[in-house]
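Each chain carries a letter (A, B and C) given by its place in the written order, and its residues are counted from 1.
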Amino acid sequence: MTKIEEKYMDKYFYLFADCIVTKGFSRTLITDTSRKSLYFIDNSYYDTLQLFREMPVGEIILMLEDESDVDLFQSFLNDLINQNLGLFVDNISLLPEVEKVWDHPSTITNGIIDIRDELHDFDKIFIEYDALGCEYIEIRSYSERSAEDIMNIVSRSAGRGLKYMHFLTKFSEEYLAPNVLKEITDRHTFLHLTVFGAPADKISALNNFTKANQIAFLQQDIGSSKCCGRISLDSFRIQSVKGTTENLLYNGCLNRKISIDERGYIKNCPSMERSFGHINEQSLLSVVVNEEFLALWGINKSMINVCSACEFRSVCTDCRAFVNTEGGVYAKPSKCKYDPYSGVWG
Amino acid sequence: MVIIFSRSDDGSTGFVAEWLGAFNKEYLILNTNDDHCKFIYADPQNKEIIFQKNGKIYNLFDAESIWIRRTGLSSKSIISFEDSDDRIFFEDTDFHKLHIKDETDQLIAYIHSTLSKNFNKVLGSYEHGNVNKMIVLEAAVNCGLMVPRSFLVTNKQQLTDLLYKEKNIITKPLGQGIYRLLEDIGYYTYVDEIDAENIDRLPENFFPSSIQGKIEKQYELRVFYCLGKFYSMAIFSQETESTATDFRRPNFDAPNRHVPCLIPEDLELRLDALMKDLKLTTGSIDLILDKNGNYIFLEVNPVGQFSMTSYPCNYYLEKKIAEYL
Amino acid sequence: MGMERIKKLKLKNEQLKNLPLFYNFIIYNYMEHGVPHFHFNEKKQYYINYHVPEKFISKIINYDED
């Protein structure tokens, strides 16, 4: 183990501001938002990370009593340096942490629209989403849709402010013909198509063809909005500083989201019980000013049982629709199998 | 109404406009490179400068604020004359085209000048939008800023002498570098060190070239200056060959880190003096913090891309600008 | 536009002797051709650039690697 050189003793160790630290019950997580990596450190070092901002490295060492503590500290510091998570600077007051604020010009940034057999009035829907400044929409169809139907729906959102649409739809034999779906994504380049319930023996061939065309085939079958709310280590996506800040300050899934369930009811998300009216009779705008609707946006991880002690709260986007029976609206998501108290995924 | 002079490919303009929309502020964007806005009429006595866009008529004097991000006006904004006109004027068929170009420039300069004088809220400048790098470096020295040692050379012998004296040297354009996107290929200049290894393959004689002493850096800074305030970002690049000299060249294995930072007050005072001297109300300033703790001024770009500072540092500059306008 | 492999541009000596030194330091790359991922929105007066969002809009897809 290399000892920290004498020349660094009066310097501060600066942990890069784009590395977000979250202390959990059993360990601490450093989320590197630039390199999209996760680093776990022992909780005993969480306080050390705070001390780095207050005093030079040499002073921290002086505070340690045992030789073994000094060795551990030097080893820890070496690890951080070797992982490129920080470096020595003269004046740490010139390198502040990122301010924990988040805002967005759009009232609504994203939404989910579910459909089954009946189609909603998509003209009305897209006009209203657009008026709220919506950037991203996910449409989930639980029944088979013809390519013509898909093209029809997607075309109604073209030319507006939408930056991305994800259309999930049930597999149909029609999609086996080579260019049937490609025609749609070629025409509407903001569209990404995912076809679920595809036959296992055909999947790799289909995905080889469509990879570059924003089309993906999945074997997984999806029956309804009840299938949503999955939380697992593989499903976490590390966002930028901006996105991670939103995730910590607000509800990672529901913030600035408005949705329409398969029967046309306006909700925070289709999997929730509470509805705020029907899209045929009401406008999204009228719901967006409803205080009960808005309340869910502000439920962040620090307010949720168990999750407040979980180090993954920086990257987990939560789920208020499927929650454990005890705890009401502040209960842990029922589909999360992680136990922050033991540090084990069940 | 907010008037924005820009170019259609300017990302920051769109981001600011998103916030203007959120604040329900009406705005009109005039782009240098498109013909959506057309000049119609002017009556200075009645404070009228009339443009038409998408069938609607606007009097620019009706605005409350202006943001001069780019020129925003060009021959495309003026009613175009027939290009196929092949009448001969003064023996030279191109004479009238050059003459019209000059008339267009006169009109554009007049529009910008009269608008800038008539509004309290003006961000950016048409007149002072072009800065000469060498002139700026001298102005910076006059304002008490440290700058790299600079030289202009025309042959390899001078270069070799400099390499010997300064030890580490880099070459840069006097004006703009190359950032050219053609059909299939994109070309870009990058700042590289001239050393014993690559000096041999350079030509014996060449066009006057700017050589600067290379600065050993702790980190680079990009400081966005706007309305008297400084918003600073530190850029830490991987200490590898490819990015150590110029942070604009990407290293895909280890992307640069863009993090918020502060600058000392006395540096702010000097930079503020420089910006006032250059008559700039906004701009992006590039600096290096060297190994000795000195801030070395490199250049100022009146039209800097501040979104690359705003987003990683969570400064919400686009929102602040929209609030001001 | 994809960032493909970056190459150094090598100009001929006859060209270089009339050019400033920085012409010896030009890189280039071939850009991916594809359909445009943006459109100009007339009403908003700026380009809408398409991009995949940072986070998933819903958590219905199973991303678990087995």
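The rule we apply is simple: a residue touches a chain if its C-beta (ideal position, glycine included) is under 8 Å from a C-beta of that chain, and two chains touch if they have at least 3 such contacts.
The structure presented is a predicted model; accordingly, all values stated were derived computationally and were not measured.
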Tell me which chains count as touching both subunit B and subunit C. A
Between A-C and A-B, which chain pair is linked by more C-beta pairs in contact? A-C
If I average the C-alpha coordinates per chain and also across every protein chain shown, which chain's average lies closest to the global one? C
State, to the nearest whole Å, the distance from the C-alpha centre of subunit B to the C-alpha centre of subunit C. 21
So what's the Cα centroid distance for subunit A and subunit C, whole Å? 25
Whole-Å distance, C-alpha centre of subunit A to that of subunit B, is 35
By residue number and range, which residues of subunit A touch two or more other chains? 240
Tell me, which residues of subunit C touch at least two other chains? 44, 49
Residues of subunit B engaged with two or more neighbouring chains: 21
What part of subunit B is in contact with subunit A in the complex they form? 18-19, 21-22, 218, 234, 236, 238, 254-264, 293, 311-314, 316, 319
Subunit B partner, complex, touching residues on subunit C are 1, 3, 6, 9, 13, 16-22, 24-31, 33, 40, 42, 44-47, 49
Given the complex, residues on subunit A that touch subunit B span 16-18, 34-35, 84, 87, 89-90, 93-99, 101-103, 105-107, 133, 240-242, 245
For the complex, give me every residue of subunit A touching subunit C. 110-112, 135-138, 140, 159-164, 166, 168, 186, 189-190, 192, 194, 196, 218, 220, 222, 225, 227-232, 234-235, 237, 239-240, 243, 247, 252-253, 257, 269, 317, 319
For the complex, give me every residue of subunit C touching subunit A. 35-37, 39, 41, 44, 48-65
